[in-house]
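Note that chain A is present in both complexes that follow, paired respectively with chain B and with chain C.
The block that comes next holds the complex of A and B.
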C-alpha cells in the first residue's frame, strides 16, 4: 500500500472515480486508475468470452479491454464518441499487477467518500453476484456502486467463466 | 568434439569475479556467533557456481580449492558448525586466494601454488580441526570453546576480553512457573554487551508442540566486567527450572555491536523455516526482528556490451538526429519544389531507423548456442570421470533468446545437466541389464512455443523414484507423513532447499543446492520449470521462459477485418485456392491436394470465430501451407498482406494464454496483431 493511500485512509476518506453505465453510476478507487482514454478499435481475441472486447496497444504493452455492460449482462450499446476506456492497474494474487481497460459510457466525477459512508451491498441472493462490489454510497440522492476492481478483473475469475463454458461444451459433445 | 572454449573464458572470469565479490560482501556482513542463513546461502551459491564453472572449463585447481570452501560453508549452512571469526577470516583469505588464482589463469600465468597450498592447508585445518564435534554442536554442553584451534599468526589479533558465556537450557516447565526468558535477557543486557544464540533443535514437530512448554535453549554471550555472582543472581529465580552453565569467555577483540535493545531482545535463529521461527518467537515471547535491509540485494540486471557496439549506436543516433534536423529545416518553409528533397530525407530516416533498431536488437538477442556450446565439454569430462557413456544431442541451437536470458540460464542449465549426468544416466552395466543401449543420451532442446522459449533437458536414464523422494522428504522433515501428494507434487519436492537424494556427496552434484537455486533463477526470469519423470525410462525437465524481446519474421495475413501474423519459419508455401483442389472426407473434414499429398485445411475464419468482413465464398482465399507438430497442414485465409519483422509482446503479461495464439505484436499503424501458434492451432483443429 502506498504512503498516500495510507494518508487518505487515516482521514477515513477515499477518492473514487465515478462513471456511468446504462444510466447507473459506478465507482472505482482512483488509485487503481492509470489513465482514461477514448474508445478506439481493438483487436479481437479469438474465442475469448464476449465481454473481452479485445486487446489494445497501450504504448507498447498489449492490454485487454473488458466491456462492463456485457460483464454485468446489461443491454448492449454502440460505442460513441463519449465512450471511454478506463485503464486500471489491477492486483493479481500477491504483488503481481497487470493493466486492463474497462469500457464505460462516460466518466462523471471524482468523489471524496468517507469510508463510514460506504454501505455494504445488500444480499441479492442468486439474482446478483455482489462479490465484485465494495459497497454502495449515496451521493446527491444518486446511488453509486463501488466496484472491487481486483476481484472484478481477476483473470482467474475470467478463467472460471471459461472453464464453465468449456465444461458446457464438453457436455454438449457428450450428448 | 572440439570447441574452442577460450571464447567463453572472458565471461567465465567475469562471472567468477562477480561471485567472489558476492562472497566477500556476504562474509563481511556475517555476524559472528549469530547466523543469517540467507547470507550463508548466498556465499555458498557463489562458491558453488565458481566451482561448477571452473570444472566446466577444466581449471581443476580452482574447482578443487572451491570444493573445500564449499564443504566448510555447507556445514555452516546446516548449522553443524558455528560461524566463528576465525572461520570467516580463513574464508575471506581463501576468497583472496581464489581471486589471485583466477587472475593468474586469466593472464595465462602459472598459478602461485605455494600461496594456494598454504591457504588450502588453513582451510583444511579449519575444516577438520573443529568439525569433529560439529554435528551436535547445538547441545549446549558439547559446544566447543569458540576459539579452539588458533593458528599462530592469528593469535595476535585475539585479545582477552572479559565476559561470560552462559549456556541457558530451561526445563520444559520454565514458562509454567511464570518466568520469562526475555526479562532475564533484559537484565543481562543491562550488565554489558549481550548477544544471544537460540537453539531450537529440540522443538518437536508442530502437531506435538505444547505451547506452554519451553523447548528452546540459549547460548548467551555477555561482554561485561560483572562478576559471575551477578549473573547467577539474575538467574536465581529460574535456578531450579533450568540447566545453567557459566564459563569465562575469551573472545575476539572485534565484537560486533550487540543488536539487542532493552525493549526488543533479538534472537537470530540458525536454520529454521520462517513459520518455525514465528512459533518459537510467540512461544517464548521473544521478538524476532526481521530487518528488511539485510535481505540479500537483487542481482543487478546489467548486461555486458562491447564498447564498439555502443559506439556504433551513438554514431547511428547522431545520424538520426542530423536527419531529423534536416527534415525539420525542409518543413519550416515548405514549398512543393522541395518534395524530392523531403523524400530523400525520409528515405534516409527510414534507413537509419532500421539500422538503429537492428543494432539495438543485436545487443539483446543471442542464439542459445552461446550457452549450449559450453556443454559438450562438461558432459565429456564428467562422463569420463564417472565412467559413464553419454552422448549429448543439441537441438535448436539457433533459437534466439534475449541476452539477459542467455546469461542467467547458464547456471541453472549446468546444474540440471550435472544432475542428469550424475543421477539420471546409469552406469553402462546397469543400462545393459535394464535392456537399454549402453550409451546414455542427454538431449538439450530449445524452441519457441506458445509465447515462450522452451528449453528441455531429456535423459533416458533411470528416472526419479517417487517413493524414495517422498521418503527422503519425510525424513528431512520437509513434508508431513500424513500429507497426500500427487505425483507432480512429489517431483516438485526436489526444488525444496536442502533436498538431495544422492547417497554420497560428489563434487558434481548432490548437495541439494542445485534445484532450489535453479528454480529461483528461472522464476526470477519470469519463467517456470516442469519435470516429467518415469522410473526406469528417464526424465524430462522443461524450462519455459517468456519471450520478452524476441523478434520474429512474420507473414501477415488477413481474415475478415482481422490481421494475424504467421511465423515465417513455419510456412512452407502459399497457394491460391481453386475449386477442384478441395475435397471433403466423409462430408466433413476438408482436405486439399498439394501435388501428390492430401493435406487437412484449417479455416481460420471458423477456428477463430471471425465474423467481421465480407464473408468470402468457401472456395475463395489463399492457403498457407504450414508445418506444425511435424505434420503439414493448410491455413485458409482471405489474403496475404506482407512480410515483416515483428517484436513479440506477451499476451500473458496483462491477460492470459490464448489457445492458438503465441503472442501479440504491434503493427506499423499502432494496432495490435496476434501471432499464430502454429503447432497449437494444429492441435486445436484436431480436437
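The block that comes next holds the complex of A and C.
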C-alpha cells in the first residue's frame, strides 16, 4: 500500500490487528500479519542481539523471533499462556520481503480503522527514532499506537536478522 | 735497907735459856719488866712497874754487893754478879745478873739489868763468897799488896810500854855514858843508833798498839751504843786483825739480832697500834690474867659502862684496868680461871655486867714453845644490839598478831641500828598504810559504799594489791550498776509481763469462746463437704456422658473433613476443565484472528468470512470471559472449601481437646470427690483438735492467770532487789576508771592522823612490852 492509495481512498478503511504490550495497545496492519501463534519455545541463537529471542521452525522455514518489549526498552516480563507470537511479513528495500515473529503479551482484536482517523505520530526531533511509528488511533478512550512493520527494525538490524531467516520467495512457495 | 719478908727455903729454879730483863730509871724504879721476870717474881706487872727494883731483893743478899754494883754502873761500867732474889711468895731464885747503864746518845738515862740462869757451880761459889764475906774471911775487893799489884797490873798499856821503854833504855844510856866517857865514839854511835832505833820501834809499836786498842774500844762502845760502822782494817794479819774481825763479826751478829728485834718490835708495834685503833674492844692478859693491854675502844667502852658496873663491883675503875687482873669483872673469879685454863681454842662468853650485855671472844695466846702466855679477849657491847633485837622481835611479834601500831623507838639509837630502826619503822609504816588503806576501803565496801579507791602510791606487790582492789571495786561497781540496771529492767519487765499475762488470760478466755464457735462451724463445714462429695459424684457422671458426646462430635468432624476434601478435589477437577475451556477459547480466538487475517487478505471476497470470524472471535472471547468467571468462582469455591476444611480441622482438634479436657475434668471431679471425703475425715479430726485446743486453752487460761500472779510476785521481788542494790553507793562511771588526783588529798588526811596517833601511843606501849621481856 502507498500514500497515493490512501489519498485516493481517503474514506477507505484499513484493518489493524491490535495487541497488548506492557498494558498498552499497539496495532499493526492486518495485511502484514501472516499468522498468529501461541508462544512456544524457540531455538536460542548464541551471540545474537538481546531483543532477538531466537528462531522458530514455522512449518519448515526458520523465522527470527523479536521481543518488542526489549526492542522498545520496556520492562521485561515472563511469557504466559496468553503470550503470542505474531508472524509478520516485512518488506525490505529492493522490494524483498522476509518473515519474522514479534512477541506480544496478548492479541486484542481486529479493528477496522478509517485512515482519516489515524493521527500522525508526534515529532520528537531527530535524536529520537520514531520511524517505526505509523500513527496514533484513539479507540474507546484508549490510544493505540499503530506501528509501521517495515520500519520496525533499522537496516543494520534487518541485515543481522536477515542472515538467520529464509527469503520471502521461500515463504511464497510455502504459501 | 729494904728487908722483904718473909722468906722461905723454897728455891725457884730458872729455866735454862730464860732471860729476865728489867729496866729502871736512874733512881732504880722499875720502868719495864719482861714476862719472864714478872712470871718468876710472882708480882703482877702493875705491882712491879713503878716500884723500886729492890722489891725483889732477898734478905740474904749483902748490901755491899749492891753498893759495888751501883758504884760500878754509876761509873758507866757494866757489872756482873750471881744474885739471890726473892719472889713475892718469899721463895728464892738465883740469877746470873748483868747490869749496865742504859745509854742514849752517850748519856745514861737509866739502867738495864739482864739475868741468865746461873750454873750450880756459880751459885756455890757465890754462896761461898758471900758466906766468907759475912764471916770476914774474904772481901769483895782486894786490898793492900793485892790491890797494888792489881793496880800495876791494870795500868794503861801506854804507861806500861813507856815504863818498859825506860827500863830497856836505861842500860843503854848507861853504856853510852861509858862509851862517851871512854871516848869510844864508834861504839857510842853504834849503841846510840841502836837505842834510838829500838826506842823508835818501841814507840811506834806502843803508839800503834795504843791506837788500835783505843780504836777497838771506840768500836765496842759504838757497838754498845748500837752504832755500827765498818772497822778500819779487817785484813790485818796480826792479832789485831783477829780482834777487829771478831769485833766486826760480833757487831754483825748483834746488828742482825737488833734488826730482828727491831723488826719484831715494829711488827709488835704495828699490831699493838692496829689493835689500839680497831673498833673492837680488845683486852690482852698475861698468863696470870693480868691485863697488859687495853685498846682505845675498850677504854671508851669500859669508861661508858663504869658508873653502871660500879653499882655491882665497887672496885671497878675503867682507867685502872691496865695492869689489873680480869678478876675485877667477875664475882666468882675462880670459876673463870678454871674455864680459861681449860680453854684451848677461842670461845664465846656472854657476860651480863650490871645490865650491860657483853659478848666476849677469848682466845689463849700460845707461845712458840707451846706454853700459854696469855689471853686475848674481844669485848662486844651487845646491849644495844640486844635491845634492838628485842625491839625488833617485839615489833615482828606485834605485826604477826596484827598489831601494826608498834614502832622501834629511835631516841636511843645511833648509826646502823638507827638506820635499821628507821627502815623497819618505814617498813611497818608501809605495811600499816597498806592495811589501813585496804581496811578502810573494805570497810566502806562492807557499808555498801563503793565510791572509794586506794589512792596512796605503792610499789611492787602493794601496788598490784592496790590496783587489784581498785579494779575489783571498779568491777563490783560495774556489776552493781549493771545489776541495778538489770533489776530495774527486770522490775519493769516483770510488771509488763504481769499486765501482759493479764491480757493473755483475757485473750485465752476469748480464744476459748472462739474455739467453741469454731467447733460449731467445723460441724457445719463437715456436712457441707459431704454434700460436696455427693455433688462431685454427680458431676463426674455428667462429665463422662459429655465426654462420650464430644467423641461423637469428633467422629462427625472427621467425616466432614473427608467430605470437604472430596469437594476440594472436585473443585480442582472443575478448575482444570475450565482451564481446558479457556484454552480452547484462546485457541479459538487465535483461529478466529487468523481467519480474520485470511479474510482481510481475501479482501472483498473475504468480507463475509471476516464477519463470521469476528463472530467466532466474539464467541471465543465470551467463552474465555465465562471460563475466566467460572474459574474465578471455582477458585473462590476451592478457597472457601479450604478454609472450611481448616475450620473443620480446628473443630476436630478442639473437640479432641474438649474430650481430653472433659476426661481431665472427670479426673478432677473424682479427685474432688476423694478430696471431699478426705476433707470430711480431716474436718472431723480438726473438730477433735479444736476440742483438744479448747481444753488446752482452758488450761492455758489457768496458766496465764498463774503466770500473771507469778509475774506480780516477780515484780515485787525485783522491786526488793532494786531496793537492796540501792544500798550500794556507786560512783558514777567516769570516776571509776580514773583516780582523780584531788581525791587523794582528803583520803590521805583521813589515814594519816590515825597513824600519827598510833605512833604517839607507841612509847608507853613499848615499855610495857619490855617489861614482859
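Everything that follows uses one rule, which is that the second predicted complex is superposed on the first by the 137 of 175 C-alpha atoms of A that agree within 3 Å, B and C clash if a C-alpha of one lies under 4 Å from a C-alpha of the other, contacts with A are read in each partner's own complex, and residues count from 1 in each chain.
Following the convention adopted for this analysis, a contact is a pair of C-beta atoms (placed from the backbone, for glycine too) under 8 Å apart; a residue touches a chain by one contact, two chains touch by 3 or more.
Computed from a predicted model, the values in this text were never measured in an experiment.
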Q: Could you tell me whether chain B and chain C fit or clash when both sit on chain A in the superposition?
A: fit
Q. Does the superposition put A:152 against chain B (first), chain C (second), both, or neither?
A. neither
Q. Given the touch rule stated above, what does A:15 touch, chain B (first), chain C (second), both, or neither?
A. second
Q: Examine A:44 and indicate which partner it touches, taking first as chain B and second as chain C; both and neither are also allowed.
A: first
Q: Scan A:111 for contacts with chain B and chain C and give back first, second, both or neither.
A: neither
Q.
Quick check on the superposed pair: does A:84 touch chain B, chain C, both, or neither? Answer first, second, both or neither.
A. second
Q: Check the contacts made with chain A and report whether chain B or chain C touches more of its residues.
A: B
Q) Looking at the overlay, does A:25 come into contact with chain B only (first), chain C only (second), both, or neither? A) neither
Q: Give one of first, second, both or neither to describe whether A:102 is in contact with chain B, with chain C, with both, or with none.
A: neither
Q: Could you grab the smallest C-alpha gap between chain B and chain C in the overlay, to the nearest Å?
A: 21
**Q.** Touching residues (chain side chain A, partner chain B) in the complex
**A.** 41-48, 52, 54-57, 60-64, 98-100, 155, 158-159
Q. For chain B, which residues count as touching chain A in their complex?
A. 562-563, 607-610, 612, 649-651, 653-656, 658-661, 664, 666, 670-674
**Q.** chain A residues touching chain C - in the complex, by the definition given at the top
**A.** 15, 17, 30-31, 33-38, 81-82, 84, 107, 109-110
Q) What residues on chain C touch chain A, complex-wise? A) 583, 586-587, 589-590, 593-594, 596-597, 600-601, 610, 613-614, 617
